[in-house]
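Shared between the two complexes below is chain A, which pairs with chain B and chain C, respectively.
So, the complex of A and B:
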């Protein structure tokens, strides 16, 4: 095979990689990273406030997100409905907050699942090396060759996967490959260090070394790439909503009902943009600013935790 | 010559992967509930049997797959189930050039602008221009095409009345501008960020200082030495990115009402149009694999240190 240069190449074993700078604790370094640049703290605070609002929206919004007011047409923002109402007479303010809850959950949950798969897979492949590594990584190479947007669409459409929880898993199944490669590179260099020999000497099992010692040491880089993965997942959710895959949750009455997500609000908004522009503008504002904030945060974390990529 | 042999070798080596991808798609499609012959009212039994025989659905699955493979090797995918009297080949031949044209033009624009932005940023890292462009690029990556496209239409087509609102108009330049700009923005941002890092890395290397000391002109240095080395990650990025133009154009095609391939895929999958879905996914898989091999070849051509083995 040809040596392919990844644009996020893992640091080479001989370079001073981030795990050698072990003085302050991991969480302290994240904290300092956020403090060092005002843009990072603004992004973090914005995300926290927005997430808090979205996840607690049920407590304070005056209308339920799916409550229908009988109106003849969509109307713009007013004192009664801050963001206006859509063509079915639903309050957009509540819908945007509720949609944020769904979209943020999709982003966070899918990323968590794929980080879980990617870290375990990469760590095992890197730690054991040799034939195991070769075959495990060959599988990753093969999966990289799947036209994965097509497969996602096929899986989603063909099996009418409209449950939100399955969406988490399906998106995650196609996200972990890059993470596995990065973690494997990290572990390859980590396992040559002397503390691994010491652990073996003290009789630590392979499983213990991999999951108690290798994995925690890769969390810095993993957190950077996990952060950068979230916007991509949220974009995919929006894309799938746009091509007409409605996501549902099981309601309290036992009936599957379609949910509002930022993706579905965006595609509705895009459809009615010429007559009711507010339907696109409000969700688009929150969607884009959230993505922007996450991008900022990811960049900040990368600069702080991964000096090998600092430029 | 070695390039040719190496390229052929790699293509042959990818054949099993292609086969695997096709098997996965085929199995997925057949596992899914429903059949292309399902209608709202149940078809009469005799008619259904006749139709199944006509489309070869009465054969065992492995036989069906073998027939599919034999036909696909000749570029034949059979009749579409949903679009009457049209073969899959016709549909692809008609719609693919449209998608490809938009996608390629957008990617071309993105490469040019992205390299430009990356180079501007790398001139003085941390400077005001760099700061501004970095924020601009992050913003570009944060605005989805379904927001961008309607805004673009509202500003340039409706308010300023410069461009047509939608439609293909036989591929007229004016009709292409909107879709291409909306499609390119994300890639401009992605390529710009990639190239910024790449330029910075190459600029700092010692051989560049050595070349400067030797008296190589600045223009020659930038183009022949820095751009050449710095474009390696871009080539790796372009392989997969180019193959995703098939599906990446779906949103833009829908907003601008362009007869591309994207909308067929979703429709075909929803209607269980076996032949059309297999045709489009096969095209996508072949495209991805060939472009991967091609981008490896280009990498080796740019940087002779990368050995072809």
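So, the complex of A and C:
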């Protein structure tokens, strides 16, 4: 009796709310992933605030990043200059925020470019397979083998360009390789599914299948990998700046000047660490906390989007 | 007389393997009139799905090749068309329903947007018009509340519903030829019945649409088809009207297939008869003898040595069996036993 009642009291399809049935969208899943762990939400908020401060710093900081105050030597933090003044008399607070803008843009720009290249390249290689795949992936292998710090230096010497935009491009040119490999692997297994055959059967072109069906299905993994790529790119930029490769940008007075990225600030700070430690401490603090926050975000995304890792 | 919708002429396919090309389909000849329903039956590996795929141009390219023959669809040879032109036919003039509705829909999009895509591949409609058409198609295949259900993802639907969606997508452009490759195999029996009824209803609504139904299930074929072609080891062994074939099969293989169907009215004592042995494995060279020889209970001496010709019988009936040369019809012979 009880059994029967239980059976009939099961909700009929009509009474079920359709909202409950529809699966959460991609962006909702990411949002829930960030909310589910405090470390993730703290990381996300920290990054948002920091990015907002960096990118709007031109509006509220009292001094320009390259404005020189004529003092005899580097001075420590004060009410006038919160983070102190560097050896050339420039306000470090402005420089750190400005440097954040540069470092974050390098990270984001290079990552987006390499995500675009990597996903398309990997999806095409994986989908078409055979000879196309072999040649495309051999090219990736060759590029992987290049010692690219040297290539970057070489490119700069050859073309005698030291613009920051070159850095964006060059970093992206080497970053997409890993992405291409991951996406190719995903697409290799994805294209064997029957829905691909069904799509061919309804007359869909290869391009449509690759870009409307293969690529979106790999976005979960791609977004995790891309998030983890950002700190990698920022580290590389910092390394290049640290070893003294001078990238320049247009200064506020219209003169090309060595860029004040977090990497170059660290490089300068390290030089004067014994006499002016604040020059190293402030940029290092923001640089490392930012990297940490992005890593937290990446891990959170992976947990949310990769069902095989769900606990 | 009107020209047939599809003529398959001496179609030959082969699988390329390390040991060279292995022939699969051997000189297959079939004709499908407009509005006709033809069932293609045979066991796994007999080449029936490959025939459907060859018509669709969906054979996995380097591994499976068409090595000869012609596929004449509406007067033009499909094998001479460019891949682009074949693509334009697919889903528009020739549609296919696949075996597994669980896997045939992309998990990433709602079924509404997938049907919309099936429309947009061949025809551009505005947003509003597309939406109306999607609702109409869903409604046509018996899915109630299409406005709401088009927002569902495939994993939220049952197998039967998904197969209905697949049918809706296949019919989106009112094709002239519908190829159904085991459309009910992955479904449970009650749903199979519903899907078959739905297909029968669609065929009744559009009398000019032809159906090529690929199945290993005689019941499914009997439910929908006027004519049946039996394939064995890549060759056509018998072809004819459904009633003719089921009442008076001329080939021992067809006889064996029919015998292995349980008959509720005249239950057999003991085990249900089954064909002994297995279909021959692929080999690089075709033997001249009969393919069915090892499993045949009615074999005669010339089956071992001579290639079997196609014997045409009245009423479009035809069979590939030596016994046919001996007597008019096998059904007149007393039994099939040794």
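Note that the second predicted complex is superposed on the first by the 272 of 311 C-alpha atoms of A that agree within 3 Å, B and C clash if a C-alpha of one lies under 4 Å from a C-alpha of the other, contacts with A are read in each partner's own complex, and residues count from 1 in each chain.
As a working rule, a residue touches a chain if its C-beta (ideal position, glycine included) is under 8 Å from a C-beta of that chain, and two chains touch if they have at least 3 such contacts.
Nothing here was measured: the structure is a model prediction, and the numbers come from that model.
Trainee: Return first, second, both or neither, reflecting whether A:287 touches chain B, chain C, both chains, or no partner chain.
Mentor: The answer is first: A:287 touches chain B but not chain C.
Trainee: Touching A:198, do we find chain B (first), chain C (second), both, or neither?
Mentor: In the superposition, A:198 touches chain C alone.
Trainee: Which of the two, chain B or chain C, is in touch with more residues of chain A?
Mentor: B
Trainee: So in the superposed three-chain picture, is A:130 touching just chain B, just chain C, both, or none of them (first/second/both/neither)?
Mentor: A:130: touches chain C, not chain B.
Trainee: Is A:212 touching anything from chain B or chain C once the two structures are fitted on A? First, second, both or neither.
Mentor: second
Trainee: In the overlay, answer first, second, both or neither for which of chain B and chain C A:77 touches.
Mentor: Neither partner.
Trainee: Provide the residue numbers of chain A that touch chain C in the complex, in ascending order.
Mentor: Residue list for chain A touching chain C: 18, 21-23, 130, 193-195, 197-205, 208, 212-213, 216-217.
Trainee: List the residues on chain A that touch chain B in their complex, please.
Mentor: Per the touch definition, chain A meets chain B at residues 1-7, 142, 145-147, 149-151, 153-155, 157-160, 231, 235, 238-239, 242-244, 266-267, 269-270, 273-274, 277, 280, 284, 287-289, 291-292, 295-296, 299, 309, 311.
Trainee: Could you list, by residue number, the parts of chain C that touch chain A in their complex?
Mentor: For chain C paired with chain A, touching residues are 56, 58, 62, 87-92, 95-96, 98-100, 103-108, 117-118, 121-122, 148, 151-153, 155-156, 166, 169-170, 172.
Trainee: For the complex, give me every residue of chain B touching chain A.
Mentor: Per the stated touch rule, the residues are 14, 17, 20-21, 24-25, 28-29, 31-33, 125, 138-139, 141-144, 146-147, 149-151, 153-154, 158, 194, 196-198, 200-201, 232-233, 236-237, 243-244, 246-248, 250-251, 254-255, 265-266, 269-270, 272, 277, 280-281, 284-285, 287-289, 292, 296, 299-300, 306-309.
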